[in-house]
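The structure that follows is given in the form of structure tokens.
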């Protein structure tokens, strides 16, 4: 990363305005965004959901999705205004000089054709190179991107290749015509952390190798810090600020940017270890569980003590959510048992008493699917109050209001609303209130913050921490995000392929020596330091990161 | 052969005109993006539409094109009525209904208007119809139009049929019988299919397997064919037991149609059952009744309502077809399908006595109008709910 | 490839099983008839011999399972029994050769297939072209007009469309005959001319439906990320549709075609009656009216068989068009 602003100008976006259609009327969604991009320069475009970053990224290619239109401004690419250019002119540029890498490679490769056929399509169509040359070039690019079996992998169909590899194949496809500009639209958001780091390294290397300019769109600050020369921050379709990466990280000017930077600072003090003879609230004992005939969990054991938070971490498919399903009784374990305060629970939730059901509550990842869209907030929270507490009429309403106050929402304002009238963070709070309404001892929080923007997520974490102190609750906190673990957990359980790899108090977990997998997981989480990736690669080498390292364990 | 040549020639002329139109457009507008990015297909579409319009105007002015003129007039009148109705809806009524009318396309307001008119006719048929549905009047085969010079009679504006029953009255009573019976049948099918579908989706397991396989088998026989088979058998029993055949028909069609309702209800409920809020309710220890009626049903209502419209159309058309084939609603009840069959031969007089041919078309048109109207409403509902999702 | 073969064989077996169960359903339904039905059908003047033959045909004196197996065995050999009408005729008039149901149905089956074939030849290419065009020019005036027109023609009963067509094309502008009196040994051209009006009626109904579903299938695909990716690679719109959308739309389009060909089977009944077309549908309706059970049973089985066969074909073809199944991991 060096200053490239002296080099010749490639793309100039000026006062770009976009509108989106909702209910037959057009409303502005991007209200005047401008930036310059020079040859070989990487611009990071960041913002929370609804900031319009993807829309801007596509508009920089002169492209809009259905229901979106460019209402003003210009996009000058190498002298051509893409806003007013004819469809033919744009087609000449797209794929050849401007390329695109989408968020989900699995969905963006055509399932009906082999990867290599899709790779060679653009160069052959645009007359850049012949089919044979292009195929050879593809294999070379695959090798450069460290894909396994570069000679052979292209002849597979997309569904036969893993997500992280497909994402790299898509980057290779974008490179097939050696474009001047590539738009990366959240290319690693859907990937696990250990896979993400590999893809990040590959993308950065190839962009540098071919001196390609890029717009890198993401919501993850630590990721953009590794990739971009300059960063531009967007908020609800408006620009907040733009600066060179290091300066942006060390000295943000705007209030909003500073608040984004500050998010990761929330940390609660560690609690003293529980007494040795204390009876745990929940004790998972040697649980083996299966879907059909395949064992998914293998002898999982851990304890959760009163008033403490146990974070269960692991990547997708590690069995964290399955463990939660065993505890709630949705999936009766094949072997082993779950104890609640020393007494074993029946395996299936159908066999449990009303009071046993009441003691274990759950908060879900997607607040949208966790709240019945046809019921008002009052009904959603009121039902468990009535069901378990037997309160009716005025007493029930009073209790609902009390709960709403507890989750910091004004009761009179929210009690009659429908979930669709709330924001994501507010919905998640309603989910918390519904769990609290049962007056449980123990709550399972399943990725409760991963669908939320960082500022909102922080609010939820704080609320959960306060409620724990106030009510003496125990939490099982399922997450893949180690920053969340760092801020809220007392103890950590690391899972991989249905087994507990390591467990212990948070301080032990975050100080070496670790189990090699924990070590890999910890080291893969991007940090806000722009040199982090370079140093990590220098320290460990390309062989010891990502899926390759994970598979070796 | 010459006709084919004419068609090919016209097509070539249109293609040429489209090419010229686009070229001229580009030159005159200074290469405006409208013309610059216009594909040849689009240009051809515009020219074709213009040619069709010119042809329609020419045909409208021709002497013999009585039915075409009627069709155009009918279309304009209905469009105007729908427009006025929507205008009225936008200014009268509660805030909610006014908002509904503001977002309504013309087709949907046409649908609502027609359904309203049919509902009024069906409910108050006894008051509106000038004569009874089975009443045999003095004159048979009176020509519609009410013009004595052409064989009509002002007392019977739409004429009378072969045995001298007033066609207008029978059309109005037909609304009560045909629509009423179809509505009852659809309701029955929904109660049956809907409850089974919800149970299958919520309980799952062997019950789901059993019901689904049974429905698969029943659906493997085409509906109309199966209905005809069962009606044959029912007709024997009906004569023996003295139970009206119409009642058997309602039961048979409800049974056949409930299989389709079952499929949809099960699919809709299946999508809802996997939601986290259902899991939360299950883990709370809620019973089956609460799950179905309080959690699932409110969310399934919108798609089920749209399906109700479609199923109604289907049942209505099946009943009309059965009646047309002579095994549906039985006389003396007036019914549109039967009327079409009885009056069908008048079509052949259309060339010299257009009025006479109008009678069977009116009955058939009455059926088509209602199904078109319901389909327009359903289409709008589906469009709206899919629009909200995006 | 192994898994695909397995799935296809599975579906085939399932289809045969369904057909078997359907035959049981039809057989059972007929056996719901009251016991002295034969007497009722043939009336007072029937000879003892005729009644006994009907009782034997319906096998009313045997165990129901045996009767079913006997009937099924006959069906498999192509023996569908003798129609009541023929029996009645013979018992009253005496002598002569009795025409079996199979012999009655065979020529009519050919006629119906001819009608369905002509309809399919017109409707399938037309509707797919129109559907692709509507998807390509979606939300344009063309699309909206097509929507209005197709929705109206789907909603109209077949006999309404039939009479409107008769009115315009046979009565006011007499270009085509309004009655389809087809007989054996007729020239192809003349036969086609007589079949055209019923075929056009069916085309109107089926085209509308197929076109709407083709449009929906393609539009659903056009919003998928890989289509966006293809467009962002600078591929021309035509190539995007043909190379990127169509291979993935095959399964839904095949389904649409099969579903509508299956629908033709139902539609054919009403249309054949309107045009007095000598097909199996006409025979079926006549048999229903006079409660000629052997004919009803046989026609029902044929309709159901064709219906199941079409759905099975669609099922298997859409499995074969799925790359995930053709190239397993």
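Chains here go by letter, A, B and C, matching the order in which they are written, and residues are numbered from 1 within each.
The definition used in the following text is that a residue touches a chain if its C-beta (ideal position, glycine included) is under 8 Å from a C-beta of that chain, and two chains touch if they have at least 3 such contacts.
Just so it is clear, the model here is predicted, and its values are computed rather than measured.
Peer 1: As a test of understanding: of all chains, whose mean C-alpha position lies farthest from that of chain A?
Peer 2: C
Peer 1: Between A-C and B-C, which chain pair shares more contacting C-beta pairs?
Peer 2: B-C
Peer 1: Determine the chain that sits nearest the middle of the structure, using the mean of its CA atoms as its centre.
Peer 2: Central chain: B.
Peer 1: In angstrom, rounded to a whole number, how far apart do the mean CA points of chain A and chain B lie?
Peer 2: Spacing between the chain centres: roughly 48 Å.
Peer 1: At what distance in angstrom does the C-alpha mean of chain C lie from that of chain A?
Peer 2: The answer is 51 Å.
Peer 1: Can you give the whole-Å distance between the Cα centres of chain B and chain C?
Peer 2: Inter-chain centre distance comes to 22 Å.
Peer 1: Could you pull out which chain C residues touch chain A in their complex?
Peer 2: My answer: residues 223-226, 228-236, 239, 244, 247-248, 323-324, 327, 329.
Peer 1: Mind pulling up the chain B residues that touch chain A in the complex?
Peer 2: 33, 36-37, 103, 275-277, 279-286, 295, 298-299, 387, 390
Peer 1: Hey, which residues of chain B end up touching chain C in the complex?
Peer 2: Within the complex, chain B touches chain C at residues 41-42, 45, 49, 64, 67, 107, 216-218, 220-226, 228-233, 235-237, 240, 313, 317, 320-321, 324-327, 337, 340, 344, 347-348, 350-351, 357, 360-361, 364-365, 367-368, 371-372, 374-376, 379.
Peer 1: Would you tell me which residues of chain A are touching chain B in their complex?
Peer 2: 23-24, 67, 84, 86-87, 328-330, 349, 352, 354, 357, 360, 362, 364, 366, 369-375, 383-384, 387-388, 434, 438
Peer 1: Quick one: in the complex, what on chain C touches chain B?
Peer 2: Spelled out, the residues of chain C in touch with chain B are 18-19, 21-22, 25-26, 29-30, 32-34, 37, 40, 133, 136-137, 140-142, 147-148, 151-152, 154-160, 163-164, 166-168, 171-172, 178, 262, 265-266, 269-270, 273-274, 284-285, 288-289, 291, 293, 296-297, 299-300, 303-304, 307-308, 311.
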